[in-house]
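Report on one structure; see the data block that follows.
Chain IDs A, B, C, D, E and F follow the sequence of writing; residue 1 opens each chain.
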């Protein structure tokens, strides 16, 4: 089945584009075409602060609308805060919209009893915890563990990053009752495999998890027409209104 | 990717075997092989009562163990109570184990804001509500709606069944704030498509939802080795002990 | 005590500016100076959809930063979705940031046992319910009642609007156990007083509630230096980074 | 008042039968007759795994049905997982069915503010936590503490067992805010008295708690006809159907 | 076993004393001695308002202290608000203290899936709901139903009272999913039996339920020394301090 | 605006009267008149035990009624347990009634993500936790921290008190994720300012917080007639009945 998926790095930097394109291509279904984009021009290159999430909203919505016009079946919003998830689902009339946090947590909740989320900085925790609650998994959340590594530093010194994630994960497993580890930042790619083998519990990579969830939702859409309900919360604004107000310019 | 999936109708009747085999074959990935089995001999032909769930447990576990020995990648427990989910996940060392309720509710929670579950009889509600809570979705549950149709009567008079499900679903949508409908019995197959078109909200068929979730989990297992955590809750009993106690005989 | 407060109508229309300026001036402390602004140029004139919330985010943040630079002590985000509350609290180093929903619900929770929120359209409910939960009051929420009046129609036919709000409030009081009514849209101004007298329960006007809460928080800031904690969730991004990324341009 | 109570050790071993018979006889009301049974033949001798719970289900239900036919007033399911509680309540038309966890937690919640449960192994925690939630006491649960002693080892070295339970209980009391201790395995008998005296908080023995709760429920049944509601969740299957399907053979 | 129990009608009227003495004597264990008292002098004759609960507190505590000094094993606080439960448990060093709401709800939660509470007036609901939550049963609460009968009118016109309770209970059973009915006022005595037979679900009389729970707790105290934990929440004030401050005068 | 506020130290000691009068006068609005009273005669001088809360109830209600008769606009119940809050709101027909806990927690929930409460003794925690839940903030509660200082010892050795509060607060901030500190006893006055400067998070003084909340609620009452709803939970008893039963004598 052909599935056309857009992975949006909602950042004004393309440093993650090629690694992500390679990562997703290595993991895709045969029939899937995946593209990776990021934002042009000057703007936030990470979304650690809600301020930066807010700043990139119009461009994110714009890209989602363009993606639908270009025939994509799904778009992944490539940040573990799942920024703009509801807005993007409103704008998309047909596409599935996927957030890495939603996809990873649903999976973690199926695979184990309690999960821990390894975040980059303590700053992330309150907002991410709101998402854990919103998705339904607050009682399965064993802990957040912060490694105090900035988003753009995860890939700088792989051994140091791995060392810190491992220590955080071990703490979660041994002291918090966790039996699944979720990597809580899309910049934490490249680590899950080795850690998982070592820790002997599932270690969820949010980029991969969201991409495969996109393929899964596209398949359900194409086969059964199961897709985001447009009745209440994900209802689309009137096209005329959106055009008048320049939503897509 | 080759995926070998067993759909277990955990009932002592084969009346659903052929319809389900056809249903799942019509919905499978090209690489998937799906088999459908039910239980031989005399025993419960429906699981409306927890008593009957209890009665079929040993045979269910037995079949799950056999399935793993036969090389299946996943087994679906074909009843919306998800009977024996934890026990089967303990027994399976490698297979993914899927319950229709867990699969359907995860999907419903992603597709909309609030869902309603259309059950066969009021008797089902308390236990199913415990499952909704266990999976994390109690705050997204708009309502249970009972159509007061017995399990083996869903397929008797299609028009009457459809009429009752439609009425229940409309009540949920108009009065309870629901924007996704979940059919809460695996015997409610053959209805989702028409109702969905009419109601203009997703109508989740639990047999299809659980089967596709099985394919999805198998893919994640094969690609990333993400599978049920064996550390705590789904830890397997010692093989020696199981053998000694005749778990698989 | 001098309190300088900015009420931001985060809309690309000034139709509410004068009525709100008059409303707030009629309710202010002697020492308070209140200004009301809205956004220039073409853009959303209501925020019923999350898409529109997303669109106005950069301008909202921009205005908050300008307000702080201009010496305001507090800014009210004039929409009952409380859009961008966390982002604005990050950006503001000294100002109090107030959302009408947060202010109204805190008040309602103190004044009565259970409150109902009268919203403009059913579309609003899921996101507003997330806020009710986030602020802590989900167990005090008796119901949402929708009057199905669009934001810019509340002020069109006062009698009809009043008639619908009254009917919704009566339903909440008589059938849902509610003893406080919250008007769930900042465009529902001009109605609370008459309804309150008639219904004999508090009817909270969210514009007034948020403005007075702003005065209250400013006073606490000036007297005791009690203000938004900058330690974790409301931590500010680095000024240099914000400047580089054009947050305030 | 005559009360005829059956304590079922749902295990294929009789090692606990005599100690339990003695234990319960030492604690019974004058009018009570208590019998203790276990299961014949080869099968699980402990229920640490859900798999083993599943295996013993048919025999458990069978015994419950026989007990009712023999005139017992109540049956206790002698395992802290409360296996098959709902199924047994369905099957029993007149008897009270008691689980040690339900009985112990109700009591603990009345006697103190927060309780801790001392379990044999970490493996038990997720499922037992589901029960704590189901019975309503999740907010009173201070902690689970695992002593990592296997079920059949509790009675091997009394001093060592006591040492570990004491250490776990002290941790719960001093660091988790617990003021009641619940022994979370029916094989932890023989310890409560000494520990309670030493720790100066109630230490609940689940075997005794469930047996006395059985006497209490029998009395309520005989005096006021208060017994399990047969309207919804504990409704009995039709006798004809159960017979046809060999539930009791 | 000898059990000496004091049932306190915490009201400044003795109109309920004789009916209650008769009621409890008809339901007691052979070894139980039960006394019923009420308060002398002028004061509240019902506790519908929290104000009246507050007014009778000192006398209630006084009587509890006297009861303990007189050798009672338990005291029941005869009002469904369970007024002063914590204070009385602090004061009592040895006695069990029982509230009708706590006793009835624990029982209802064991006997069925969901219960409804039939209260005298809507005024009662918010505070009683806080108790339902405190005891752990908020998720099992199907509904409150108010019959709008004042406390001293329940016994005036038995047929009218029965008619209203029956209507309220039927509404709860048919429309709210309730399978157990709790009579939510100790003045609703004399009705449970007939209604229960008619409605075919357990109907809990709170006076009887609390009295039998008292006998049960006394037995547990006498046999196993299981009693209210004095470590944290029910810790007693220093006797010297209480004497100095005239707690018992 | 003139605001006449009574701060009630509900204790039979006047040792806190003058410090509180000075404290509140230093923090009042220009138009506010604040009086501070305590109780005469022999009785509890602290309310650490619920028993003592119960003992002072009649006098508290009496004073509230007198305050209303004397023209006060609000009364603060000066104890962090918020004793008698509902009863006082029933009795007051016009006045706002404020509890320090309610006022402090509402504020803390607005200022930060998670708060910790520094209490005097472990004994306080269970009841205070019930209040945290009742007000809606249980999910924002990071921890209780006990300094094990008795109420009348907080002001004995300022340095030692400060040292213990600081240590408790640091533990909360560094290990529990707290970003706001609430001082959980009205006798902990005189400490917030220095600690706040040092810890760099808001430190809420409950006496000040409740007093300013009183001013705020009075203003809302006078301007908008927003006041405690008298419809259900805070409904007043009939004056005649109160008079007959000597509520105010």
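Quick note on the criterion: contacts are C-beta pairs under 8 Å (C-beta built on N, C-alpha and C of every residue); 3 or more make two chains touch, one makes a residue touch a chain.
Given the structure is predicted, the values throughout are model-derived calculations rather than measurements.
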> Measuring between mean CA coordinates, which chain is farthest from subunit E?
Replying inline: A
> Hey, which pair has more contacts between C-betas, C-F or A-F?
Replying inline: C-F
> Between subunit B and subunit D, what is the gap in Å from one C-alpha centre to the other?
Replying inline: 30
>> I'd like to verify one number: the distance from the centre of subunit D to the centre of subunit F, where each centre is the average of its C-alpha atoms, in whole angstrom.
In response: 44
> Among the residues of subunit A, which ones contact at least 2 other chains?
Replying inline: 113-114, 122, 125-126, 133, 139, 177, 232-233
> Which two-chain combinations touch?
Replying inline: A-B, A-C, A-D, A-F, B-C, B-D, B-E, C-E, C-F, D-E, D-F, E-F
>> Applying the document's contact rule, which stretches of subunit A touch subunit D when the two form their complex?
In response: 113-114, 139, 177
> Considering the complex alone, what residue numbers of subunit C touch subunit B?
Replying inline: 122, 125-126, 133
> Can you list the residues on subunit C that touch subunit F in the complex?
Replying inline: 1, 27, 29, 102, 106-107, 109-114, 135-140, 173, 177, 179-180, 192-193, 196-197, 200-202, 204-205, 208, 212, 216-217, 219-220, 223-234
> For the complex, which residues does subunit C have touching subunit A?
Replying inline: 12, 42-45, 48-55, 57-58, 60-61, 84, 86-87, 90-91, 122-123, 125-127, 130, 133-134, 232-233, 235-237, 242, 244-247
